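One structure below.
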Amino acid sequence: MADCIDLNSDLGEGFGKYTLGDDEAMLDIVSSVNVACGFHAGDPDIMAHLAERTKQKGIALGAHPGFRDLHGFGRREIYGIPASELENLVIYQIGALQALARSHGQQLSHVRAHGALGNLSDSDSEIAAPLARAVYKADPHLALMTLPGCSADVAATEAGLKVARQAFADRAYNDDGSLVSRRLEGAVISDPSAAAERVIRLVQEGTVKTITGNKLILDARTICVHGDSPAAIAMAESIRTRLENEGIEIRPFTEHDDWN
Amino acid sequence: MADCIDLNSDLGEGFGKYTLGDDEAMLDIVSSVNVACGFHAGDPDIMAHLAERTKQKGIALGAHPGFRDLHGFGRREIYGIPASELENLVIYQIGALQALARSHGQQLSHVRAHGALGNLSDSDSEIAAPLARAVYKADPHLALMTLPGCSADVAATEAGLKVARQAFADRAYNDDGSLVSRRLEGAVISDPSAAAERVIRLVQEGTVKTITGNKLILDARTICVHGDSPAAIAMAESIRTRLENEGIEIRPFTEHDDWN
Amino acid sequence: MADCIDLNSDLGEGFGKYTLGDDEAMLDIVSSVNVACGFHAGDPDIMAHLAERTKQKGIALGAHPGFRDLHGFGRREIYGIPASELENLVIYQIGALQALARSHGQQLSHVRAHGALGNLSDSDSEIAAPLARAVYKADPHLALMTLPGCSADVAATEAGLKVARQAFADRAYNDDGSLVSRRLEGAVISDPSAAAERVIRLVQEGTVKTITGNKLILDARTICVHGDSPAAIAMAESIRTRLENEGIEIRPFTEHDDWN
Amino acid sequence: MADCIDLNSDLGEGFGKYTLGDDEAMLDIVSSVNVACGFHAGDPDIMAHLAERTKQKGIALGAHPGFRDLHGFGRREIYGIPASELENLVIYQIGALQALARSHGQQLSHVRAHGALGNLSDSDSEIAAPLARAVYKADPHLALMTLPGCSADVAATEAGLKVARQAFADRAYNDDGSLVSRRLEGAVISDPSAAAERVIRLVQEGTVKTITGNKLILDARTICVHGDSPAAIAMAESIRTRLENEGIEIRPFTEHDDWN
């Protein structure tokens, strides 16, 4: 039974004058953050600021690279990018954040792929493999954050990377461990206390109840929470509070006893 | 009397399907290159390719950061960027190239600012200072390539950076060491043998004849040559040949005896 | 004594997933809007939506072109753009909105230049002239919205354009009719009732009290109000209410009796 | 038997300092051009220049809209764009060119979708329908250039547009009228005289020999030629010369006797 868990969230998703979500509020809730690197969102200032803030607060800093798609926020599937280009695209984004982190005495602990790049890397090994290779080349000590058992999990292991497996607090699961499509009813859990309950069970028992009512064993050391709306932040806060009330510590995955 | 000199050139100035100049030809001529980093030109693939090629050929690799101005090729003066943003903009670009270099076993030796960013940093200490700080933060062992005595030279020294001072093979100088404005007659030397002659004198005597006919002492360990047209490449080749005929070795500035 | 006035505001300043300001709230307040055209902000969907909404509500639709500077929100002064390119840049943006307007049975009535492009065109005739020519070439029936007497006002008149002169509800004026620099105390009027009072006097008397206490005659048929914060919207609402209470009608400048 | 034919080519594919192909050479060969509109290539200056040149030379001007994908040159398939956004994306690009054309006394006669947008619209009616609606809304008198019988042909007809059906001089056909995939041998015809021969037969007999040797009836009033390499230009010139030698006039499709 785990006595600690990591909470992660995607931050730094503004661009220039544009902001998205309340990063400062989320920095009080999570123990690791995934920072957009300028291709689908994010810019050097936002990245530098989050490098500094995560350093100050002892939060694990990760890169959140995405497709070159600012207008579509990296959510559009783009086909026809050669594997070598995908690799370089990811290395570029990680490297930019690494240098900005270094300039604030911070360093990266992980990478989580954003949006369509992330989704495709879950199921398509031809996307997952260059993603994993890119992370390894940028720094072999970085962990890749992925869904347990997905293509990216497999590719990361093959590439020699550590994997920080993650679960979602607010998403329903199918019996095979995949996420229920957002198009189906019940895919998203919007009740904060129900979501918190699921997270507690996940941490304490390592299981989650699937959409069909079965018990699924889920190996996850980090729980993804969202900060893109006041309601999302309220849910994340509620999850944090419930975890603390249960005596479960929220700590960066890099500081978990069984990580190294 | 110097027995070796560095020749540098700006490469990697394409973007996606677009190319500019003949990088491969220049790699046979120069001993150090400055690679565009994706803001005014360049993309991850081009950067990775040049990291690999310079590694193979023993050429010093530098970052060539510029303003976020792909359409204007970084040549437009953009006002109103806070110093902290300038710093982050430059760190971001250097970091991206650092990671791509690392992925090919290569590392950066220097930075040269591009276009309007470079020009402004020559004369404006409010641009030069954040540029120098950015380079230092990205890696204190990087050299900044600048004109001798300009604002960037001063700022780099203040920031604790080494400076690789450069001269232009094809530009006329004023008596005070500044470049003759391109708008004036005689500003650009287009005759390859005249340009080569100037470079020889610069290397052997450390002087250049100014536009008024005076002899100017010029402290330069790297000569900037261009590759953006067949004529420019021919001139660069001619300079290299003349230097070799004079027994002057073309070597990365990092390998000069008096560098470290 | 005028019995009607136009209220205008800059809308459509989002991009993709990013939003800025509350456009829908402002559509209930203003009688004409200036829509960003995709270079410093705005995108085809936002533009199309505002074309449709302004058509439905009888609001005058204008283009709000800016520099190619999404990251700097068009607020950065960019030097080195030839006059012919400035012209084409503005025609391009106007044309894009014209077609989207047409697709909703709407048409453009005016153009107001955004941010640094607007500021430069106020004082620099080398920017104002190509701006005015661009508007004329895109459609000679378009009005240019400008400060009274500025370079753009002069250039528009020379180009054969009608000018919709504007005043600011929340900005202090110097005795010469220029705006007090935002860097000086008292430059911005933040009290809604004081701002409303100024607008009433401007409409009824055609004057505004300057920062030195003098009475300035100001020829303005449209008042610029802002919607980029809840406080700005509250002020705009307050101005509208005060005008209505005084029996002053808020009507698109194109429908003013003395317009044609 | 046709006594005239249109030759079309995609021009204006540069961006800022970048150029692609030799537009000026192609303007001496073709009778209609399709101009990139700034999303996958092209910029306001290039568009304005081609508006002016086509006006001077009596060449039909068309818009060549593409996905927002400058780095991928519009060749990448991007999924997840709603139909309404696709429509606005295309209207925006057409509108920009319409205004620039107007500023040179020129007007648009047609639209041809570029790259991945064009390919998807050939086979996918969910892409073809918004494309056709966009063209109609931008101007119902514009023709859509498409492959005969493809989804875009059907959608254009349904939308009330005229269709300028096109054939490729350098591409092999399957028996069903589709193009042989570039991945298969024999897909591209590189011999200029063979290509010219095919065009002659197409114009004179309305047929083309398919890859299996069958005779395919092909209804085409415009032949697409390329200008992106010296070899492509040489082939286009050779086709033009052969057509002229056969007494076949090269004329914009809008001036064909049977067009209106």
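We call the chains A, B, C and D, going by the order they appear; numbering starts again at 1 in every chain.
The definition used in the following text is that a residue touches a chain if its C-beta (ideal position, glycine included) is under 8 Å from a C-beta of that chain, and two chains touch if they have at least 3 such contacts.
Because the structure is a prediction, the values reported are computed rather than measured.
**Student:** Spelling it out: a chain qualifies if it touches subunit A and also touches subunit B; which chains qualify?
**Tutor:** C, D
**Student:** When the C-alpha atoms of subunit C and subunit D are each averaged to a single point, how far apart are the two points in Å?
**Tutor:** Comparing mean C-alpha positions, subunit D is 40 Å from subunit C.
**Student:** So how far apart, in whole Å, are subunit B and subunit D when each is placed at the average of its C-alpha atoms?
**Tutor:** It comes to 43 Å between the two C-alpha centres.
**Student:** Which residues belonging to subunit B are in contact with no fewer than two other chains?
**Tutor:** Counting only residues that touch two or more other chains, subunit B contributes 71-72.
**Student:** What topology does the chain contact graph adopt: line, ring, star, complete, or other?
**Tutor:** complete
**Student:** Help me check something: in the complex, which residues belonging to subunit C touch subunit A?
**Tutor:** 14-18, 20, 43, 70-73
**Student:** In the complex formed with subunit D, which residues of subunit C make contact?
**Tutor:** These residues of subunit C touch subunit D: 38, 44-45, 47-48, 84-85, 87-89, 91-100, 102-103, 134, 137-138.
**Student:** Which positions of subunit B touch subunit C when the two form their complex?
**Tutor:** 68-69, 71-72, 75-81, 116
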